[in-house]
Structures are given as C-alpha cells and as structure tokens.
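The next block holds one structure in the form of structure tokens; read it before the comments.
Letters are used for the chains, namely A, B, C and D, taken in the order the chains are written, and counting of residues starts over at 1 for each.
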Amino acid sequence: MTLETQAVAASPAKRRAQLDRVVIRFAGDSGDGMQLTGMQFTTESALAGNDVGTLPDFPAEIRAPAGTLAGVSGFQVNFSSLEVYTPGDNPDVLVAMNPAALKVNIGDLKPGGILLADQGGFDQANLKKAGYTGNPLEDGSLAQYQVFVVDMTGMTLKALEDLKLSNKVAGRCKNFFALGLCSWLYSRPIEPTLKWIQDKFKRTPELVEANTRALKAGYHFGETAELFAVQYEVQPARIAPGTYRNVTGNTALALGLVAAAGKAGLPLFLGSYPITPASDILHELAGYKQFGVLTFQAEDEIAGVCSALGASFGGAVGVTTSSGPGIALKQEAINLAVMVELPLVICNVQRGGPSTGLPTKTEQADLYQALFGRNGDSPLPVLAAATPGDCFSAAYEAVRIAIKYMTPVVLLTDGYLANGAEPWLIPRFEDLPPIPVRFRTEPEGFFPYLRDPETLARPWVKPGTPGLEHRVGGIEKEDVTGNISYAPENHERMTRARARKVAAVAQEIPPTPIRGEEAGDLLVVGWGSTYGSIAAAVDEVRARGKKVSQVHLRYLNPLPPDLGGILRRFGKVLVPEMNMGQLITILRATYLVDAVGLNKIQGQPFKVSEIAGKILRLLEE
Amino acid sequence: MAEAAVEAGAPRLTRKDFVSDQDVRWCPGCGDYSILAQVQKVMPELGLPREKFVFISGIGCSSRFPYYMNTYGFHGIHGRAPAIATGLKISRPDLSVWVITGDGDGLSIGGNHLIHALRRNVGLKILLFNNRIYGLTKGQYSPTSELGKVTKSTPVGSVDYPFNPIAVAMGVDATFVARSIDVEARHLQDMLRRAYAHPGGAFIEILQNCNIFNDGAWEPLTDKATKADTVLLLEHGKPLIFGKNRDKGIRLASSGRLQVVSLGDGVSEGDILVHDETNRPLAYMLAHLENPTPIGVFHASIRPTYEEAMHRQLETARQKLGPGDVNALFRRGETWVVE
Amino acid sequence: MAEAAVEAGAPRLTRKDFVSDQDVRWCPGCGDYSILAQVQKVMPELGLPREKFVFISGIGCSSRFPYYMNTYGFHGIHGRAPAIATGLKISRPDLSVWVITGDGDGLSIGGNHLIHALRRNVGLKILLFNNRIYGLTKGQYSPTSELGKVTKSTPVGSVDYPFNPIAVAMGVDATFVARSIDVEARHLQDMLRRAYAHPGGAFIEILQNCNIFNDGAWEPLTDKATKADTVLLLEHGKPLIFGKNRDKGIRLASSGRLQVVSLGDGVSEGDILVHDETNRPLAYMLAHLENPTPIGVFHASIRPTYEEAMHRQLETARQKLGPGDVNALFRRGETWVVE
Amino acid sequence: MTLETQAVAASPAKRRAQLDRVVIRFAGDSGDGMQLTGMQFTTESALAGNDVGTLPDFPAEIRAPAGTLAGVSGFQVNFSSLEVYTPGDNPDVLVAMNPAALKVNIGDLKPGGILLADQGGFDQANLKKAGYTGNPLEDGSLAQYQVFVVDMTGMTLKALEDLKLSNKVAGRCKNFFALGLCSWLYSRPIEPTLKWIQDKFKRTPELVEANTRALKAGYHFGETAELFAVQYEVQPARIAPGTYRNVTGNTALALGLVAAAGKAGLPLFLGSYPITPASDILHELAGYKQFGVLTFQAEDEIAGVCSALGASFGGAVGVTTSSGPGIALKQEAINLAVMVELPLVICNVQRGGPSTGLPTKTEQADLYQALFGRNGDSPLPVLAAATPGDCFSAAYEAVRIAIKYMTPVVLLTDGYLANGAEPWLIPRFEDLPPIPVRFRTEPEGFFPYLRDPETLARPWVKPGTPGLEHRVGGIEKEDVTGNISYAPENHERMTRARARKVAAVAQEIPPTPIRGEEAGDLLVVGWGSTYGSIAAAVDEVRARGKKVSQVHLRYLNPLPPDLGGILRRFGKVLVPEMNMGQLITILRATYLVDAVGLNKIQGQPFKVSEIAGKILRLLEE
C-alpha cells in the first residue's frame, strides 16, 4: 500500500497532489466522538466515489477514565481510487486529539506519515495521564513524521464564542473541526456531513449551529492557513453501479435473516441471550416488529436456542445468535435439532477465546466447535461470511439451506465483521433467490421421517394440521416411521442418513471461484473475515509477478466438491487463520495435502504485509 | 389470539382419539398411567380440535408422556421443555401447549426455565410429575426428596433440604398454582380443566408414585384409611375443613401463621379460614402446610400473557409503520448511488 | 467446622489490607464503588484473617468485584458463581466464601444455581447487585427490569413481568434474606455484618445504580427528599413505621394482607405490625410491598448447613469404618488368587 | 473362535471332552435373574483358573412387560484356557428360559451350537407374547442346533416341594437350576456359588435352602440324566499370578480416582449429575465416605463441573463424571478450567449419540467433542481406557497428569467398559506411581501465572495461605502476573503457552507398545473399548501368517511422539472405530497417512470377525 504522489498543475494557492490510496486514523478519548468522526469521513469518501474500508477500535471497558490509555478510541478509514479490501495496515495520517491517543497509535503511523495533533488536548494533565514526562510535540521525538500541531479545541471555542454554550459543550464540537480539516486536506465534500448534522441534532438547533460552524472552521482553516502546502485528491474508484449504503456485519446479518424469512413467507423468530459482539443482531431485529419478527430475550443461551427450535417446530424460521461461550452452552440443544431434523440457524459472532477470553476482540477459533463440538456423530452445514456486507448473503443462504434440508445450520462471523462497516450494494428483494417452503398437509402416506429423495429432508408439518399429529424427539428414531428405535442396524442407517443429508448440501455449492490462475506455485486458502487481508496480499504478490491464487471458502461443511482438485493444481498451499490452525486440520485430513498454516492469535485481523510476507517466504523455500 | 374452538359440526372427540399407537412402556403400577388416563379423558371435553394440542417434555419417565398422546408432541432434552414450549407458544399462540416434566427435569436441571416461564406468564400448561426421585436413571434422590432419604447416590441419606414446588411457584409470582394426586382421578381432571380454562400460564404439581424406586412416597395421602385426615381440599370460598368427620380445620393465628385446630371446644366453623385463591400470602402459607397436605388450586390470578403482549407490540408496529417493506428496510439510513 | 478467627496477637487488619493493586474500572459514578467501599470497610472488622476470604463472581460489571479485593478471588463464568462457590465451600468449610453476582448473572442465566444454593443452605454469602439492567453488555433489560422498560433489546418496552428477588429467595426457603442500597453505607455495612454472622447461606439484594444504562432506577429510594416516605426500615421486634414524621405504618388486615396506614385517626402504634424476622409468610408479604420499599433483614432462621451435614456424614463413616484403607477397598467382594 | 474338541479317556459314565474356549449366553426375562446367573458362572470360571470376558445386555426400558421381546435380558460369558479379549462373537451355548429369549438370541447361536431351553418357560402364553404361532422346540425349526429341552422350572419346583414356598418364589429359583446344569456341563466348581448363596440370603434361610437345592438339582441332573453324553473341561489359562477380582469399568474408574487422590494426599471431590451410563461412578464414590470422598449431586451438569473446579481451586482433586449430552453442557466451564489452569478430571462414559441417542448403548463418538468441543483454541489432554480393568489405571493417570500439569484432563470410557466386567489383577496401593503435590506457600517471587520450566504448570495455591492472595478468571491473563490483559501479543503468547503445556504431556508417554512386529503390511490403530476385538482379530489373522500389528492409544492428546514413525513402517493403516471416523481424522491430519476406517455405529462392540474380515480384505486389495 505505497503512497504514490505525483504533482499536478498546482493552483496558485495550494499545490494539489493525486493519491490512489490513503489510510487515515482518527484517535482520541472515548468521549471525543472519534467513531462518529470516522464514520462521517467514510460517508464523505464513499459519496466522493471512493472505495472504502473501515476499522473501529474502542476500549473493552464500558467507561475507562478520560484521558487514560485505556480510554483511547480509534477509527481507521482506508479510501482509494482502487479496490479496497481492508482498513489498511498502517495509517498514512494519524489524527490525535490527546496525548494518550498519540501514545497508543503513533507506533502504527507510517514513517514520513502525517500527524495531526490537537494542541488544546495536550495540556499538562493529559500528558501526565498518558504517562509523558515532557511534551512529545515539542521534544523532537516525532522527527520522522510530518507533524502538524493545530489548536483545534481553541479554534473551535473561538468559532462558537457568541453561541454562549458552556466550554464543555462547545469543546465537544472539536471533532467536527478535525473532520472539516481532514475533509479539506483530502478534498472531501462536506455537504453530506452538514446534512447529517441537520437531521441528527434537529431537536437542538444550537448544536446544529455549533457543529456546522466547527466543521466549516476546520475546513476553512485548511484552505487559508499557511500550514498546509498541499491538498490531496483521491479519484473515484471503479465500483459496480447501484445504490449503496454502509452496513456493519451485524446489521447485514439481521437484514439477511429478515429478507430470507420474507422470501420464504414465514415468520422470523429469534431466541437469543445478549453477548458481545453478537448483541447488536438482537437489537436490530427487535426493531423490526412491523415485519412480524419475534425477538425473545431468553433467560440464557440454552433457552434461546431451545425457544428457536420450538418456534421452528411450529413452522417459523427459528434463529439463535451468540458468541463462543454461548454457543458452547447451546450444543446439546443444537444436537437435538440434528436429531429432530428441523430448520434452525445458529449464528456465532466469534470473539477471542478460550473461555471469556477477549470479549471485544476478534478471532476465528470456533470452527472446531461448530464442526465437532457435539456428542455423537452430529453433522451439520457450516457457512462463513467473508466481509461485513457478505453477512447478508451468508445469513440468507443459511436460512435457505436450513429450510431446504431440514437441518440446523451454523453461520460463522466474527467481531471484526460484526462491528466493521463497508459500502453495501443494496439488492432488490425481488431479485433474491427463491426459498420455497412446502408444509406437508396430506395425511395419506405421511411418515415423519420419510425423506425427500433429492435432499433427504424429512417433511415439515405445522402443528394444527389435522391428521398429521406426530411426535419428534432426541432418542434415535426409526427410519421412516420416526418411532423410538434401539435397533442396532437402524442406528447405523440413521447416522449415515443424517451424514448423507448434510453431504448432499454440496449440490448447492457453485464452482469455487479462484482469484488468479487455475494453477500455480501457491494457493492461499482462507475463510471468514480474513478475506480482505488475503485478497490484498495476493494482489500485492501477483503484482510482483508471483504465481499465487486465492480461494476463500463460504462452505466449511460440506466442503466444495471441486476443492480437492484445485488444491492439487498448486505447488504449495497456505492457510492463514486467526487461530492456531483449524481449517488446515480439515484440509489436511480430507485431502492429505501438506498445507502450511499462518496463524495470528492476537484478537486482531491480519495485516496485509503479514500475509504477503509469508507468501514470499514460502515461495523462496 | 385465543385458541380456536372446534368448528361446529366437527365430529365429537373421544378418549380414544387421544391414544397414540405406541405401547406404553412405564413399569406396571406406575402412577404415570393414571395421569395419562385422566389427561386423555379430559382433552376431548375441552372443545379444541386434537391437532391444536402439543405436548412438550424433557427427559425422564414422565417425559415419555408425549409419545402416548395422539397429538403433536416434542420429547425434548433434559430440563428444557419450558424453553422449547415458550418458543412454540410465542410463535403459535393458537396452539394449546402442555409441558410435561418431572421433579428432576423441572426442578433440578430445568429449574431456571420453569421459573422464568412462570414469571413471564407464558400461556403454557405445565404438569410436574413429582415422585420425589429420579426414575429413569434408576433411583437417585431429587430436589423434592426429603432430607435423609437413602438412594443410590445417597447411601447414608440425603443432606439436601428439598424444594417445595408450590412455594417455588408462588415465589416467582406464577398466576395459576395447583396440586393434585395421580390416583385422585376426578380431582386431577378438575385441575386439568381449571388449568386449561386459566387465561395464562398454569402450574400443576401432581404427586405421583414411582412404585419401583420410591414406592409409597405419598401413601399417607392416598391410603383410603388415612387420606381424609392427611389431605386438605382447597376450594375457593369454602372453609379449610378436613378430617374423616370434617372436624378439623385451619385457622389464621394472630401471629399471622396458620394453625390446625379441631372444631368444637371453643372453635366454631366461623373461626376457620376460608380459602381465597386470589390471596398470594395465603397460598404461600398453605404451600408450607404439610400435615394436612393441601391439594387443589392454591392461587389463581390474571395477568396479560407474554405472547399476547408480544403480539400486541407487533400489531401496534404494523399499524404505526404499515407492514414491513424489505426494500425500504434495505435502504434505511444514508445511501448513495454509483453510476 | 466454623471459620477460624484471627489468632490473638495477629496484626489488626485495616481497610487498606483489602484493597488490591488493580485499578477499579467501573464507570465514574457507578453504584458498585460504594458497595466495594462498604465491603472493604467491614471485612477487617470480622476477625478473620484476610487469606480466609474468597470472593467468587460470574460475569458482569458487578462480577469484576473480586479483582478489587485483595483476597483470594475467582472471576467465573456467567451465572455459575454459586456452583463454583458451592464446590469450594463444601470442600473448604474453613473459608469465608462470598458470591458477587448481578441481576442478570444471578437471576437470568444463573437463576437455577442461585435457588439451589439457597435451598441447600450452603454457607455462602451472596451479594446480588440489582441495577435492573445488563450493564456490561451495554444496556439490555434484565429479569428485574420493570414492565414496559425501553432498552436496546426492547425498543418499544419489555413485556417480561420481573422477578422479585426477595420473593424468589423466600420461595426457595432461604435462611437469610435481606435487602440494602448501594449508597446507604451504614445500613449496607450492617447487612454485611449480619450476613457474615448468620450461620448458613445468606442472600442480600443490593439496589445499585447503573448511571450509564439505567440511571436513577432507585432514585425515589435514595433521594434525600423522598426516601423517608419511600423506604421502610425492617428491624426485628420493632413496629413497621416509616415516613418523614414517622406517621405511617404497616398493618395486617383481617384479610391477611398488608395495609399501609397513617397513624392517628383511630390507628395507634399498637395496631402496627411488629417485624418478626422468623415469620416466613410475613417476609413473603413484605417482599411484595413496593410502596414503601422495605430494606433490612426480611427473614432469618437456622437450619444445618449443607457442608456441615456432609462432613458429619464423613465423620460418622470414619468412626464406624475407620479411616479408609485403599488396599482393603481394592479387595472388596469376591477375590481369587492365581499362582 | 473355533470350537476344537478332542475326545479324551472317557469315564465309564460320561465321555469327557477338552475345549480351549467356550462362549455361553444366558438369556431370559428381566425377572429371571440372568445377570446374576451369568456373573456367578463367570466367578466359577475365574476361580477355575480360566480367563474370562463378559457382556451383560439388559433392556433399555426400566421395566418392560414380562415375557415380551423388549423384556429379554442376556449375559454372555467367554471363558478359556487361552487369553480372552472379548465376550466372544457368537455363543457356542445358548440358555433360553423363555420363547422371547429364544427368538431374540437364537440368530446368534453358532450352527451346531448347544441350545438349552426351559420347557416350563415355553407355555402358550409366553409363546404368544414372543409372537410364535407354534412351539419352535417341537416344530423342527431348530434342526441345525443340538437342542436340549429340560423342564428346569418343573424340576426346580419338585426339588423345593416340601419347603412350602409359593410357586412364584420357588419358580424364581430356576436360574440356579440352569446355573447348576451348566456348571456340571463345563465342570465348574459350584462351591463358590454355594458360598455366595449363603452370604447373599443370610437374612432369609429358606431362600438359602431353596437356591442351594435348585443349584444342586441342576448339577446332579446333568450328571445323572441320559440327556448329556459328554461333559466338557476347559483347562486353566496362563494368567499373571496375583489376587484377582471382577470389576466393571465404572467401579475400576472410581477405585482409580480414590487411589490417585489417596496417593496425592488430597481430598477427592466429585461434582456430578446422574446420567446413564455414568451414574454408577457417582453411586460408587458416594459409598467411600470413610476415605473423605465428597460427592455432590449437583442440580445439573454445569453445576457439577463448576463445583468440581471450585473444589480444585480449594486444593482438592476436582472430578466430574457424565456422558455425551452432559459433557456438551460442561464445555463452557471446562474452558474456564483451561484458562484458570487448575487440575480437573472430566470423565465421559460415552453412549450412543447424537442428542439423547441410545442412552443404554455403547459408542465412542465423543472424541471430537473432547478434542474440539470448546470455543477458542482450547487444548487439553485426552486419555482413553481400553478395558474395564484399565479404567483404573486410566483414571489414576488422568489425576496424575491433571495435577502435574495444572490442567483439565478428559478421560473417555464408554457404556461397554462401564457395565462390562473382567478379572482385575489387584495392585498394591504402595506400588502405584507417586503423585507429588506441592502447594506454593512462600510469598517471595510469587506470580499466579509464573510457569514451571519443565511442565509449564502454574503454581497451585490453597486459599487460606497468607500472603498469596490472588485472583483467577476466564478473561485472558497477562503472562506471569495473571492480571487481566487485552494486549494482542500477550494473547498470542498465552495461547501458545497453553498449547505448549498440553503438548509437553507427551513427555509422560512411554514408547508405544506394538502387538506384533515393528513393521509390516498393515497396522491396526484403535483407542478405547475396541481393544479386545482388535487384539483378538489381529491374533487371528497373525495366526494365519499375516504381517499385521496392533497399536492401541491411551493418549489421544497429545499423541505419542513415536506414533508417526510407527505408522510409516506399515504398508496400510486400518482404524476401526465405533463412530463415523474420528481418530482417523486426527491421524490423517497429523501424519498425512492415508489410513482407512472401519466404522460400526450400532451401539454395540465390534465382532472379532468383522475386524478380521476387514483386515483380510484390505490385505487382498
């Protein structure tokens, strides 16, 4: 992600430079509104036609003391005229509203990168809280960066003087000053933000005025001040045409569930228990009452999944959402779903483990748990989403498969996808794939476990249907009749039938898309939220002429039928995972391929450079 | 969303209609047989089509119950029946959902789901078969086993102070709380009818004999010779009198505690407490009365059911915002167009 | 196996001895700070060496508590603290084991463990921080949130009828049940001392303010202006009188229900109910009293603790059979020798 | 398992024949006392110096109606002058006390095998209940067997006539008549049984008399009746000298726990919730109060494991026992143990799954769950027992490792081991390996997560130790200090440390014993209760000169360091499992060896012939 600048016909006032890609990080205290600033800057960039990638990063504690290192909140935006896969590794620009923000983030800033610091935030008190003895802005310790110290707080207060707001309130507007300044620096349109301020604060006109002024003050300061010799431009990217919005993974997932239930013409029932980072899905769906969405906040995760299964038994789309520890508790009930063969979608928004682990950090270490975490031979389809927006299609597909095959389906996302946002090409409901549902109603020839020849699914019968009264349960069922059976051969037959049914889902899997050539020296296989980092890394090494391709798996069980063949066409196979190596175990066991792992267990996404570096090292071996 | 009654002209249902084709596998002499018989006797009278009934259970001898009812049924996992049933009842208020559980299933592993279902007043009819033992696992003590009970897992006697199921239900503000006995056919039928009629969640503790692992647990209450003196029949508005010659009664002492008194010698019927189902504290006191042991409806009161309240919210939302438009939902918030 | 007191001559402990080196990470203004302060204030007075105290919690803001106590501590998993603590207390009766839990941790996911610990009378001191909200997960409603509460997970209001923690404890026959308030420093200290002194399991509901997600939940009870009229102080043997001018009281109506009455006009202090901690039904009634809201000890009674009874069984076995001989155990039953 | 007979100098009265191996199955109604009969016959055989193997098989229902197929109860004994690994595939002798027992079992009887039927049990009522139209004993349908119809009931009643017992009570003694008859037929000493009757019924002398008479009546009937031309003898086997007793797997496991705790000098705490087939461990330990064993029957499995962990925190040996569905519920808490690094032993007596599955049947399908069933990267040692008696050493070893490495350990047994019994060479407590325990007491230099360089174990501190107050918990811990830490590198460091610690357990694993040559054409790799069937099958094919060897794994995680090398020395690898293939996944992934599976999912152990047949087919391919 090199920062290529080239001088263009400079305006008399300021020189203008073209960039193809900029990574900027806004950092300040939790109270400074950095998340909001980052999101607005993202919207401005998206509206300017750039492709964007974002990474919010807030403290684990609910409210860490103001000004402390623990209280630092950051938001990183990567905007470009080229395709964007990630929020970017190291920022080209760091906006630091206080010393703590500087201390926590300066290490990531690229050498020669731009540091924008708010002089007003660097008072003695804050310096002390951040553990600085001197003032880093003055002691020359930042020589390797382009440092711009701007009294954002001071200028904001001045701009709002006559509004007779308390200094506290007025000071809070400084983030808009910062936003305005950065908007100018990168030639972003501020109109969208002005509009946003209008709606957001419509109930408090004085805040509309205050924030508007702060924003403009920042923008004009950039324009007029001598400080900045150059103003940058980032041309629009080539992006698929259509209507876009920003979605986080959790929102996209919720939308996917509602859309799928709507398409199937069934009520959506969510049985869930709050847990970070999955709770927002519950919050989202709780707001969709006009869609007939029923959200049940259960007493625990077990009741959450059990209630969802009960709803499925009644003919609804039963869904449960949680994260690692909660999923562990649900496994016994998920196994019941495997046995009674009812549709059920289990969403695991993965976080750092084991145990309570790192609740607010991301990880993808629950693949084993999804595939193998139940007693007995207990197969079920497992899907994973690759990007925040992809959570929509993944959730939609999970529901479709659960219904078609009458099976619980596990959908894996993670904290990075859940809270990360990206522009999402809004689909038309009418264009989404059909989800046919056929509740059995005719009594003749009805048997609870008589399977559909194509899908091996058993019939779905709604209680209330006359003449089809029947019982289901977790004890082994007799083939066809569904009566309790302890017969040895029957158990083997049913165990194999359950396995065959899940294996049959492979017929749903399209040919595996390969980024790059069909064959080559190295194939990078990934799943889940590592998609962006891997794609960027692969592009990078391919740009250097390396014969490297990428395969990213949506289906983790069953695996794509063509995967074995693809693996064999490459000299080496690299499997980067944010865990100690889980997919790699499956690939090695299934295809006996000597795949190599790249494992990062830091609660953070891969940096593109980490993957690219590993690829190059492997190619040299 | 009340449960739809059988449309006029529908064939009258009989007991047979509720008997499934599975042979019953309880031990000969098990109290569960009688309970099954009473349920099968009462169901046809309730005026609801058979297909509208669902029986959901956990794991245990008692929890085999649904297999023997020719209705919709779900044999769940240990202790989770109330949770499964809650999901079904919320999404299908039109169904009559019955939960069958045991003292282990419902009060040991499943205790939390039970009390949450009761406090939420989900419209479930919960029958807890209390045989004071783990039957299916061949005889360990349960949360209702008496102190000192010798079982496979307590060779020198249990040291667990037991739950009082009625008191537990009162402690979580259940809206219908009753007790009956497996062999008291008519009384049990009445309680089943009352539970069905109750507009909300209903809890019935059914004293049940496990003749294999805890035989005679309730004998004093079922033995023809003694029961008149050991059982107190609760009837709303009637004085709490019992005894072979109806010569004993319950009085509320000034201390605010209940007293067992003999009628005559200064105590007249007027001094005897009159049962009031709506009086929670009274129900709580009666719950702790052991000698005599009360059966009948301890408490009944009305509160909106969970599923009603929930669906009302959906209705209001639809009225305020119109039926959900997915495309509009997709477009919520800031959007922009790329040509 | 009572808890060993500090041996004479041991250095007197102070509050500081119970402050750990971890910086406290609750939101500024959180009610948990005050509770922590009172606990750290009371511990040194109890006459038990610091190393004998263990604090065990589940998950939640409240459950971060053990990190701030310079004692042994176990930050468990969500809802399971009573179970972890039970295992510890059974195997180590010499320790003073305190459970810290929240309204979600203790009454939602952990409800079952809580009620089983209470009915068994395991000698745990259980402090439930009730802020009527899920704090750590940023503001969903909890099992104690009032009906209609608008939270992140209930945008148009909760339809869950809440638990009454005191009533729940009374329903499972707990032996010590009390309530206090985070900011009522002295009262809370008294309750902590009473809980420690109680020979058995103790449950204290502590009304706690979450100023971020449920600010002011208990304001009427803590606001200097109103509290005299909204809070009823329970003191054993004292009449239930309250009010700024101590002119209101509680009377037991003939119906057997509680009544709030004003003193004077026909009602004399003699008509006012005198609090009796040993009277379960009274405690149950007081639990349901909301206006005024009682604080203090609702109920206290004595029953052998679970761990005592269990260790007594071991003792008896050792006396009857002598200390276990593993080799003899190996040889139990039919044996034969192969040369 | 061919039945080799050879005539020996026949006594004037009866011919005597030598056999090297006999498999006999006693079958009747649940009420007929077949379990007892079988166990007594086993004891007689053991005392006669034979090696024995047994398989009880009782109905799943608590009380199935008398005389019905569902009510049939059986007990199979394999006794021999050679080594015995299994209860035997097909019986040489079937004792059928009623028609139902005949119908259920006759299919298994070897062609030409002996059928001993109780005429008295074959009345119309019973024939009908078993669904027979005619009487199979008379309609010639059993021509391929040596059928002996003896009126055991009748003769029993006659023998007890003058005791004025009710016919019901007297009739109940017929199983002793059967036992007596079989004892004579195979020259078993009946003294042990006589003695057993004495103690067992000492409170009811009339029963002592009745059963004694019935036993002798049966024995003498064999001697005197013309019916039997031959009496058989089975010479003593060559068995390691020492004192023996019969143990079931559950009893042996309980003994192993008590012995280990005793050796460590720590109290044993069991936190458990009843579940078939694990409950008997709880029942056993509840009877060991004089050993200071604390058994806590918890409200559920979660409380069971949590209480055990709490006890471990207090310095006891915390143990929890359950079966598949219960283990699923415990996983979240087991993960807490992984994080707080305290000793904990989790015993999973596996049964048929998934979900409630087949509670009374055996299976080994929970290996995945043990290895992978938790959220996050959550490694722990996994051990498995191979035979009922081996449950003792496996449990002992599990405790030893849990304490030495401060880690939860999963011990896998199954329903077959749990209820199956075998002669057990009783060890001397003094000879058992030491289990050193060192509770830290010195405050100087104490850190909760400062690891022992050899084992990587953290220090174990008993609450109550002055100056060592500390806190543990499930959030990621800072290396050494144990404080909460969200630092990325720390999480990776700790995750790898936990993995290295468990991997270090490999240093405990002795060189893997190989039955057969060090190299060859085929290696059979197994784990758990399949040991006997595999061993017998391997011996069988080796007897035919095949180059086949066996490796049976006690340690499933970590795997033996020398396993990879061994696998490579064989042409083919066969992995028989009573599941759809779980160990095989690990072996393929770890060693990239193209192992082949043999999978039986019938809730029943492998027959020797099934494995032997598969081996031969593989060798031919």
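Keep in mind that, in the parts below, a contact is a pair of C-beta atoms (placed from the backbone, for glycine too) under 8 Å apart; a residue touches a chain by one contact, two chains touch by 3 or more.
Predicted model only: the values in this text are computed from it and were never measured.
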{"item": "From the options A-C, C-D or B-D, the pair that copies A-B, where over half of the contact pairs coincide", "value": "C-D"}
{"item": "Contact-richer chain pair (by C-beta pairs counted) among B-D and C-D", "value": "C-D"}
{"item": "Centre-to-centre distance between subunit D and subunit B (centres being mean Cα positions), rounded to whole Å", "value": "41"}
{"item": "Subunit C-subunit D separation of Cα centroids, rounded to whole Å", "value": "45"}
{"item": "Chain centre separation (subunit A, subunit D; CA means) in Å", "value": "48"}
{"item": "Distance between chain centroids, defined by C-alpha means - subunit B, subunit C (Å)", "value": "30"}
{"item": "Shared interface positions of subunit A, touching two or more other chains", "value": "289, 299-300, 325, 332, 336, 355-356, 473-475"}
{"item": "Shared interface positions of subunit B, touching two or more other chains", "value": "59, 77, 108-109, 111-112, 116, 143, 156, 160, 310, 313, 316-317"}
{"item": "Subunit A - residues contacting subunit B, complex", "value": "43, 46-47, 49, 192, 196, 239-246, 255, 258-259, 262, 267, 269, 271, 288-292, 294, 296, 298-300, 302-303, 306-311, 313-316, 318, 332-333, 336, 340, 426-429, 463-475, 483-484"}
{"item": "Subunit B to subunit C touching residues, read off their complex", "value": "108-109, 111-112, 115-116, 119-121, 143, 156-157, 159-164, 167-173, 252, 255-257, 276, 279-282, 284-285, 288, 303-304, 306, 309-310, 313, 316-317"}
{"item": "Touching residues on subunit C, where the partner in the complex is subunit D", "value": "20, 22, 49-52, 54, 56, 59, 66-67, 70-77, 80, 83-92, 94-95, 112-113, 116, 310, 313-314, 316-318, 320-324, 326-327, 329-339"}
{"item": "In the complex with subunit A, residue positions of subunit D that touch it", "value": "60, 323-325, 327-329, 331-332, 335-336, 338-339, 350, 352-361, 363, 365-366, 368-369, 371-378, 473-476, 486, 488-489, 491-492, 495-496, 498-499, 579-580, 585-586, 588-590, 592, 594, 600-604"}
{"item": "Sites on subunit A touched by subunit C in the complex", "value": "61-65, 70, 273-276, 279, 282-283, 286-287, 289, 295, 297, 299-301, 325, 355-356"}
